[in-house]
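One structure, pasted below without further comment.
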Amino acid sequence: MERPTQLTTEQVMFFDTDCGGVVHNIAYLRFIESNRTYLVETMGMGLRQMAADHIFPVLVRTEIDYKRPAGLGDKLQVEGWLESVERARFLVAFRITRPVDCQLIIECRQVLAVVQMPVGRPMRMPADWVEKYGSLAPQTR
Amino acid sequence: MERPTQLTTEQVMFFDTDCGGVVHNIAYLRFIESNRTYLVETMGMGLRQMAADHIFPVLVRTEIDYKRPAGLGDKLQVEGWLESVERARFLVAFRITRPVDCQLIIECRQVLAVVQMPVGRPMRMPADWVEKYGSLAPQTR
Amino acid sequence: MERPTQLTTEQVMFFDTDCGGVVHNIAYLRFIESNRTYLVETMGMGLRQMAADHIFPVLVRTEIDYKRPAGLGDKLQVEGWLESVERARFLVAFRITRPVDCQLIIECRQVLAVVQMPVGRPMRMPADWVEKYGSLAPQTR
Amino acid sequence: MERPTQLTTEQVMFFDTDCGGVVHNIAYLRFIESNRTYLVETMGMGLRQMAADHIFPVLVRTEIDYKRPAGLGDKLQVEGWLESVERARFLVAFRITRPVDCQLIIECRQVLAVVQMPVGRPMRMPADWVEKYGSLAPQTR
């Protein structure tokens, strides 16, 4: 059984930085959102399907550690992976690095539920997720 | 008959600036959105009502002139007003100033339709808007 | 000795929501940023001073728990407070609630350092912070 | 002499949409910013160079026409091109389309100056721009 992973790249734009001269913390969350969208899509839950049936992954918790600043024009690599699938939630983790000098920029862990919107009813994890990923042990910590 | 107007204030936050040291153009659009939301509410179309009946004002066109830069910590004043109501659209305009030194920062004009979402069906202007505001002449230009 | 606290209010705008019908997680981080900016200002570190001397509070870690969704037009209350000041970092915490139905929406804790930008040199905590707030015990958990 | 052009693609993410079920107007401006950054880079003004010498293209005016809504998961194509270079400013234009059904989503025109920040001093257009692009006639309208 293989752990779902996702690699995306981002180039730091003006709107990602602030007047401190570095990337603003809100921008990192957007980079992570994009990566997680593709990650969850590889697990079989795509955006267009979500838009149609209104069943979405919903964040329960985010933890981000800001390790080093990134700056304008930096090319960043975002690695995302599935940590584990539990009965009523799943865990994902992310690492943002700057390949040109091998610096670690961000570490992030998120906990998500699967919810039917807009009523907000929590759903069980998809049956095939439990089957395929249920025995994955968290890779981080 | 009185022209609907709206005054809001914004303090420039880190996330509003970029590494050029000034407010990023995307932030001004957010300031204008907030002002327009309150402006349209004074005309009788509130957010919670929109969320309930899915009839929204929808942008058709935006024009923004960036006159002078604003910076971190600046207190800005946003003035918004109804320019005119036509048969199938209405026009609003905005001016962002920095009261402390009386500088003009932004001028903006927007054209909106009223649309039922998500189908995107254009609606007539509300009957009371035509009655109350139909004879307003544009104030700008 | 008094614990610094800050109360801000936000009205949920269209740009704060996503097509799931609820507030997007990135918006909450912006609400928290605004509150923390005012909180840190009451502790003596204002935006305009930061812009002048390039000494900024910089995030080291964020933890957010998303307890309940908020929606378009909701009036939210953001409470922020100083948890504690240590030798090389300080801790703050936030609670976002919806007063109309007394619902808890968000809990958040952040760890910050004080850094001179753009070189990124960590500074000691301001001397008066250690004196005034050094004996504060964390209020949360 | 060849007109500088730039093609970028965007997939509509949750954070690009609002509770009306469609892409929020602020998101389009971000798509255009990214495209223009690459466009200006092909003209010889890259982000890292800007960050080093603090000479930036700065927006003077934006006009956007919102033609049709886009939705969650849509794959959008952004075409940007140089319209013309004048003595103290240059003009660019953009078209956002949805290739899957050939729909036109956005048309945009922007006017920019080249400015040394943070003092905000306007600079002449780069000499090689005038030479290479000075005789380009606007393509739009």
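A, B, C and D are the chain letters, set down in written order, and residue numbers restart from 1 in every chain.
Methods note: a residue touches a chain if its C-beta (ideal position, glycine included) is under 8 Å from a C-beta of that chain, and two chains touch if they have at least 3 such contacts.
This is a predicted model, so every value here is computed, not measured.
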>> Can you tell me which chain lies farthest from chain D, using the average of the Cα atoms as each chain's centre?
In response: C
>> Between A-B and A-C, which chain pair is linked by the larger number of C-beta contacts?
In response: A-C
>> I'd like to verify one number: the distance from the centre of chain A to the centre of chain D, where each centre is the average of its C-alpha atoms, in whole angstrom.
In response: 28
>> As a quick test, compute the distance in whole Å between the mean CA positions of chain A and chain C.
In response: 23
>> Can you work out the whole-Å distance between the CA centroids of chain A and chain B?
In response: 34
>> Which positions in chain D are in touch with at least two other chains?
In response: 14-15, 19-22, 26, 30, 33, 51, 56, 71-72
> Which of the residues in chain A come into contact with chain C in the complex?
Replying inline: 19-22, 25-26, 29-30, 33, 51, 54, 56, 58-66, 68-69, 71, 117-118, 120
> What does chain B use to touch chain A in their complex?
Replying inline: 14-15, 17-22, 24, 26, 71-72
> Which residues of chain C touch chain B in the complex?
Replying inline: 11-15, 21, 30, 33-34, 37, 46-48, 50-51, 56, 71-73
